[in-house]
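As written, the chains take the letters A, B, C and D, and residue 1 is the first residue of each chain.
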Amino acid sequence: MTPMQIIFILTAAATLSAAVLVVTTRNIIHAALWLIVSLFGVAVFYVLLNAGFFAVVQVVIYIGAIAILFIFAVMLTRRLMSDSGPQSNTNWWLAAVISVLLFVGLIWMLSSWRGVTGEPPVLKSNIDTIGLLGRALVSPDGFVLPFELASVLLVAALIGAIYVAWERK
Amino acid sequence: MMVPLSWYLIFSAALFCVGLFGVLSRKNAVAILMGIELMLNAVNVNLIAFWRYRSPSFIAGQAFAIIVFAVAASEVAVGLALIISIYRRRNTVVADEIDMMKF
Amino acid sequence: MVFFSDPITYITNWLANLLISWGLASDTVLVIMKLLGAAMVCIFGFSLVIFTIWLERKLYARIQDRLGPNRVGPWGIFQTFPDMIKIFTKEYITPEGADKVVYNLAPILAVSAVLLVWAVIPFAPTVFGTDINIGVLYIVAVGSIGTLGVIMAGWSSNNKYALLAAFRTVAQMVSFEVPMVLALLVPVLLGQTMGVDSLVKAQDVWFVVLSPIAAIIFFISSIAEVGRAPFDLLEAESEIVAGFQIEYSGLKFGMFYVGDFLHAFTISALSATLFFGGWRGPGAETWPVLGLAYFFMKTFIIYFFVVLIRIALPRLRIDQMLNFNWKFLTPLALVLLMVTAVVEKSLIHFMPSLNFSAVGFLIFRSLVLLLTNILIIVVTAIFLRAYARREHVRVSQPRPVAVTPEPPASVIS
Amino acid sequence: MSDWLYIGLFFLIVTIFPGAPIILAGLLAPKKPNAVKSQVYECGIETYGDTWIQFKAQYYIFALTFLVFDVEIVFLFPWAVTFNQLPLIGVLSGVMFIFILFAELIAAWRKGVLEWV
């Protein structure tokens, strides 16, 4: 057990238990707060994977914006949702069976793949992943088209969402 | 860096399945979207883990993850706006009761 | 000699060597040293708050022609300590129906979100916590944790007004985050790095000279982010109840105030670091202790302006505030970013054909960027004047006001 | 990685530092709760109805606009960092990206979304 592995296990346990609480807790605001904990755990994983940029982006986008949006949406749709009473539908057991089956299937699939073990290649100390990413995102033989398309997608999403949510007076 | 790749993959599979459970079992439409967020995060962990373990000098995994972020953001924006709009017209956010299109 | 030029590094090294000589593993020593460093920064932050509370009260009083605190110690400098003891012994009153865990977590988040920024601020060439290569984004990320604290406090208090105030505060905070982050992009673009210490090192010419507009936008939107006057209408102390902290009492309430004061100082430190060269100054590289002095000098000067603005300016209305953000600061920041990118790139592109020396290029680049900024300011001023003229006409239109109704004819006769 | 170790330890420390005084003050301070004292303080009368009332959609619209802008701005950071080494076309596509953002702002403005009503 190296320190890294201990950190991994602790974070994974915290993240997964938070995720379970997200999908089971009755109070929907609590679910949103647990979602934040879970997303924060994922950010820690990005740090462990030497992708610090993504860890910070995760916090900025998910915790700073998406979680806030969730909480606002819960508040906007609050009036009739009482916290008491079951929050799961009648065939939740079927959902549980499907999820467990999928998990078992994925593990089985992973165990039959050779590439799953093995050490990660050593990152060169002078490698500048953010620079690489920046260049890849705007170079024509890289990802410039998906990059601009993502921008257009976000514009479309903004205008569409405003159109849908706007209260006409 | 002594964590094997399989740990990350198992973790993200577990996160994905928890999210899937949330999507399938929750009544509240907002909570269903939360489940989808968990699933998207599981995908992102996978992408970054594969980038780190298989091809750190080739940045595609990270670029994909960026696109997933954008998609997640737009999905939440539009999804929640739809839920708010439905709530305003029909006074409910329970997914089972939004059944106008059902025969 | 080393001790005098760089006392903090000297003490750190001495302590680390002492620990190693006790037979601890070097990894353990590393962790202990980092832990100690973090603790020192936090202790420093808290003691700073004690000082700035006094400073702000004193400044406030002097400018309003009062004396301010003047009883406890010389110039009342120890006034904060009795206040602290008082707030320590106040009862916690938890409102009924509050969500206990979230309710207690919120004030902690409010302070820690601000303290976290200090992890990346370089105090001197040798004294900084860490220079992660995404420092600027880290600052943004930490700011969004503060937003979370506000919304948690408002929601868990089981109070309609607290919740409403939290929503308004969050709307304000997230709105002003947009121009703030856009303004932060300009130093990143000019310095070619996101590490905060690297940005300081890149400031051969202060970024405030290269891009005064970015500095101003950052400064204004940071003040709005803290929620200070003139943007403090959501907790306007003299007019309405205290905003989202209304149900808090004792030290939990105090923690929100600590976070507030610390945040005001932190934005001054950030402005000093990102736009005014941080610890840079003559002789700072060889004598790091001078760098420390420069850093705090700059920070306190900017902090003085933050306080001055708070004292001097009246409060904005919420629609004015949001209009100011979305219709003025954000488009201005976007235009600035586009123009800066194009100008900077063409400078780099045509630079080889111009045959400048290194210093000559530095001066040329600064001049060109400064002139571009001035041009943008002029154009903005023209737009603003036209807007102001329109607005004057619009506001002076007769609008429904409460007039005394005409008495019915029968009464007159 | 040791940089991030410092950040992690900092996260630990900053929760302890405000938390410990709060707990300490809780031990020092008197504790005499009663029903009247712990009523919520809202207005001239006793609190009425459910706290978690429904809000208007304007808050959501602002949060939404913020989300979209935030995501796009964050993507610009890697671009800004490598700015000097990019070919001209790369810089132009970044500027184009910002321009789309600008057009988006104008569109939202024209739609009257940014008004506080």
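Observations on the model:
FYI, a residue touches a chain if its C-beta (ideal position, glycine included) is under 8 Å from a C-beta of that chain, and two chains touch if they have at least 3 such contacts.
Model, not experiment: these values are computed from the prediction.
Central chain assignment: D. Criterion: smallest distance from chain C-alpha mean to the mean of all protein C-alpha atoms.
When the C-beta contacts at C-D and at B-D are tallied, the pair with the greater total is C-D.
Rounded to a whole number, the gap between the C-alpha centres of chain C and chain D is 14 angstrom.
One finds 34 Å separating the Cα centroids of chain B and chain C.
One inter-chain figure worth recording: chain B and chain D are separated by 21 Å, centre to centre, where each centre is the mean of the chain's CA atoms.
Centre-to-centre separation of chain A and chain B, using mean CA positions: 6 Å. In chain D, the residues that reach two or more other chains under the touch definition are 4, 52-53, 55, 57, 59-60, 63-68, 70-71, 74-75, 77, 80-83, 86, 91, 94, 101. Multi-chain contact residues of chain C (touching two or more other chains) are listed as 132, 134, 137-138, 155, 163, 167, 170, 174, 177, 194. Along chain A, residues 50, 52-53, 57, 60-61, 64-66, 68-69, 72-73, 75-77, 79, 130, 133, 137, 147, 150-151, 154, 157-158, 161-162, 165, 167 each make contact with two or more other chains. Taken as a contact graph, the chains fit none of the simple arrangements: neither line, ring, star nor complete graph. Contact residues on chain B toward chain D in their complex (touch as defined above): 66, 69-70, 73-74, 76-77, 80-81, 84, 88.
Taken in their complex, chain A has these residues touching chain B: 2, 4-5, 8, 12, 15-16, 19-20, 22-23, 28, 31-32, 35, 38-39, 42, 45-46, 48-51, 53-54, 57, 61-62, 65-66, 69-70, 73-74, 76-77, 79-81, 86-89, 91-92, 94-96, 98-100, 102-103, 106-107, 110, 115-124, 127, 129, 132-133, 136-137, 142-143, 146-147, 150-151, 153-154, 156-158, 160-162, 164-165, 167. Taken together, the chain C residues at the contact with chain A in this complex read 102, 132-134, 137-138, 140-145, 147-148, 151-152, 155, 163, 167, 170, 174, 177, 194. Within the complex formed with chain C, the chain A residues making contact are 29, 33, 36, 52-53, 56-57, 59-60, 63-65, 67-68, 71-72, 75, 128, 130. Chain contact summary for the complex, chain D toward chain C: residues 2-7, 9-15, 17-19, 21-22, 24-26, 28-33, 35, 37-43, 47, 51-53, 55, 59, 62-63, 65-66, 69-70, 73-74, 76-77, 80-84, 86, 88, 91, 94-95, 98-99, 101-102, 105-106, 109, 114-116.
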